[in-house]
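Each of the next two complexes has chain A plus one other chain: chain B in the first, chain C in the second.
So, the complex of A and B:
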């Protein structure tokens, strides 16, 4: 685990100076991985954590093991943030998503190192995945102020009425992130949900959750209001049933729900919660998410159409 | 009233009813395997209109098989332009037979002929015309360069707008290349069976449209049949939940158009006479049997005392009675069961402390009738402010600020429709923007058009019917 953090110049210099086997002059400062709720980084209220290992089985860090109370808190936080975020102008949301890309670009090395350690990618593969993840934020930043024009519009009704339909965010979306694509896959499911003005509670990949928390640090410094994205690390079987059945959740993205997807869809039926079923890339690795133009298919499931009528007359 | 209206009944002679109707499967009327029938009555006088077959599981199976075969061999392979021509042909026949269908609909449903003639039937034909034109233009619908039909659609519709709901379901399904098995409501199957005859008249290939009559069990068998690819349902939220649960774990897609508890917000600067008209059409159109009815009136406190007497005067002038009378404003409640539900909920409102008012109003001796009713002094906690009554009962609440109006309007698990009455454009747009509802009528209410998407937020269901958006439900 210390190796994973041996990327700083100071550490490398220290290793060189002291030679093999000796204690470094400066001990690396490790990061405590916590949850991301309401713009803050709390531990799980349960006080639990679980060990996270690299692709080849080395201990990397301990991640917070979120409880169902954390999940409920996350939904409440996301609900509270929905009014403000959905009321931002599309232009402003685009600016903020672009800012996320800027912040991520500045931390390329960190994300690449994480991808190498957690997923066992080669340096080239990791670079490609990180680049694609950054570009995905740019992609959806551009969609924020275009999607309403693409899927909304004027309706030529047969009468003296002004009539138009426009998309609106559905509300709080729970996202089960893809288990085998912890960075690009994660980005690909979060960005479209918030681009359109929804707020979200994300259950990160259980076995590779660290990139999600690294991403949360980027989100926290990108002018994204607290509560728009809330990240839980933990177990889908433990958190999922409560989130799927939660009456204040408006939609589910079941991408990473695995075998529980059907059970969650049934639970969602109780309050007519919208459901995006797992798509073909759900179980794939990062490479399954490389398509640079995923289109509107991950935005429209979390949009409502509002149609407004008004008479025309003098 | 200065003068009395003479009765002006529409002639029933344009309608020829058969004594018994069988199921419409694979292009022909076919007896149900069970041999069971149910009796359809005219809700305005409880007279028997006809007997219709009750489809069982075996009949559902036959219909789905026929629809599948028609899908595989004919309909999905036909060029869109040709499919469209069948729909144009159906639209024309609907127009030609609209008088007959309007009278039949009023007899079967109990709604006034004024509405079936001027609203339901024109919209039915328009819906087929609209989607007919889409059939060869699907690549331009913004759903990809080569959108594909889903297959066989199971469609279950309610009794409040029987033929219009059929049109909303069948027209987009057929235009996009799907075939359908449709179940009309138990109490209002007759215009759907007349539509089956129209399909024959249009020489629509057998199996493209199948009509199965029956009650809840038939509907359940249809939506749960594994051979269908799509479920489209309009009806109660409770059944909608069951369907959402039933399609989980399958590849089926579902669109659900469910209940509502629409708020009609009247600000103090509204044009008050127009608002009164809008409130009346919002709740008393179709006896309030409208999922998007404006059943909660939210009136700004400062004008409540001025508005309520005007509203009561207007309601006193509504004419309740024979649905076939061209002067009738309010027809019959569709069934004894629905009448009981309206009575029960309205009584609850009174018991919970609301003040009940109805105009002096003679109800006919036979049939199912409920006088237009308003409940004032209703609070957010009352059942009549929270539950869908689906009848001519208006709950009146007040508010002081726009923020309070929006908060109250959105304080419901439903989100289908809402109304806003104000002369100030910026306030209208501000309010419309904040209402969590799929359709917002400003300075108007209960307007429908085939080009205008319709459908709800939250527990009012998902998916849209009408317009370009309506195609999405039937294309993969």
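So, the complex of A and C:
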């Protein structure tokens, strides 16, 4: 903060020095980064926040420090939104995911600037990451109405029955976002979860949470119903145990759980919560997520298979 | 507060005397009532105090099903829930009563025999109260004969609002007589009474007519039991106790769905009438979905993890 004030003074002095014709110095419009719950942007119920710094240690902004109760509220909101979201047609979900890509495209400068500031990427790298993140939404938008054909279908049975299997969303999925890939990594874990009709509570990267809130602003203006994605910024060790043990959570994506992953998996076992263990790219930076065709591996862990037997001739 | 009950002479009952009595009360400060309720609702009740409040609230619940689609099977399963709200935890107390329509009383009585859970029945053409007096009396007598220990009657809001206080008063007296030994709860339907002044007057009218309980709402009209309304009714009960020594109960019903709401009501009771009223004999909460939330909060306190609604019965 002190550093920032000094900079301001210096600028004012410079303005005075340049004489009467110079434009007056404009006050910075600083953004308050809040949580994203149920389609709204509330502060943490605890009122806490924590400083977020850039890759080289400059203060960027304060992010809300979510509490156990914010996590509880987020699960309740996600549960409430599940019925409506999962009942949408796959086609409609695809349209909405595509809409997210459209909205992100319009704000790509903001995302790129954020990636440069928060992660220290070069302008070219940031541009590549933002493009990949936007393309990821388009990718999963395409998958929404195709995943059922790929992993479901008609089963051959030895009897006078039609036998069909179809995937259905698991329910409320808690996602621990990758810690070192705050934009492309985050997109790569959220999009496959909601593409199939799940709703989600996401714990964003603790050290680089601002891109997640920028993304939330995109989601809030993309026809995505409130509560489908709920974003918490805060500490995994504080929020994680409560989310992992929560009986109304149906699945966990432990990608960003770090060392606590095993502990969370144990807690989740008490209520038979599905778990996706961290993959090798979990700790990597954005470049670990650049594969343009990640396939169905992040969708199938959060799908249940419903099989129907129907007698032939009735 | 100076209660003008001295001006009240039951032997010389007329619309005029009732009007003089009821309009002699000072007006309710609406802004003040809201502010007081709001202020009290910010009290923080945690850990052991919360655990006690939850168990007390469970014992105060009038577990209610008042749907056109009620079946004997649904009433029986509700009764089973009233006796053992959480099958996974036998330390959960029983609820105060089960509240049903009159034709379901016999089913509920049979299901609850020997359990200590009372059967309450709505009567008098619930929820509108628009029926001839004979029908209302027959409704009540039948419910009592079938074994209902508590009767929830509705007042004639039309008569009350048009100033025919005597008619309302006499109806309550007649129903009270038909109740015999059964407790009478009088539903004011505060959502239709328009002002807090009317709530205060209707409360005093019902109390003087012999109500054992005053109840806010049927649950069929919105707004139902708001905190300021309950506050005004508790004040009426407090003032009546101060003037006569008789204790009348209060039952907010409708719209109380969360543990937080229930605990706010308990705080209100404690602050307005005092801890003597913190008993199921003098305070009840009419609800159906509230019970599951109380059970979830109870589990959360005892296990430290958040439970989900899938682990409790649907109602």
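Here, the second predicted complex is superposed on the first by the 289 of 314 C-alpha atoms of A that agree within 3 Å, B and C clash if a C-alpha of one lies under 4 Å from a C-alpha of the other, contacts with A are read in each partner's own complex, and residues count from 1 in each chain.
Simple rule for what comes next: contacts are C-beta pairs under 8 Å (C-beta built on N, C-alpha and C of every residue); 3 or more make two chains touch, one makes a residue touch a chain.
What you see is a predicted model, and the numbers here were worked out from it, not measured in a lab.
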item	value
Chain B versus chain C as contact partner of A:248, first or second or both or neither	second
First, second, both or neither for A:274, with chain B first and chain C second	first
Touched partner set for A:75, first chain B, second chain C, both or neither	second
Residue contacts with chain A in the superposition, chain B compared against chain C	B
Footprint overlap on chain A, comparing chain B with chain C	270-271
Contact set on chain A toward chain C in their complex	72, 75, 79, 242, 245-249, 267, 270-271
Chain B-touching residues of chain A, taken from the complex the two chains share	150-151, 153, 155-159, 161, 163, 165, 170, 250, 262, 265-266, 268-272, 274-275, 300, 304-311
Chain A contact footprint on chain C (complex, rising order)	304-311
In the complex, chain B residues that touch chain A	126, 142, 237, 240-242, 244-245, 248-249, 256, 258, 413, 415, 428, 432, 435, 437-444, 447, 449, 451-455, 457-462, 464, 467-469, 472
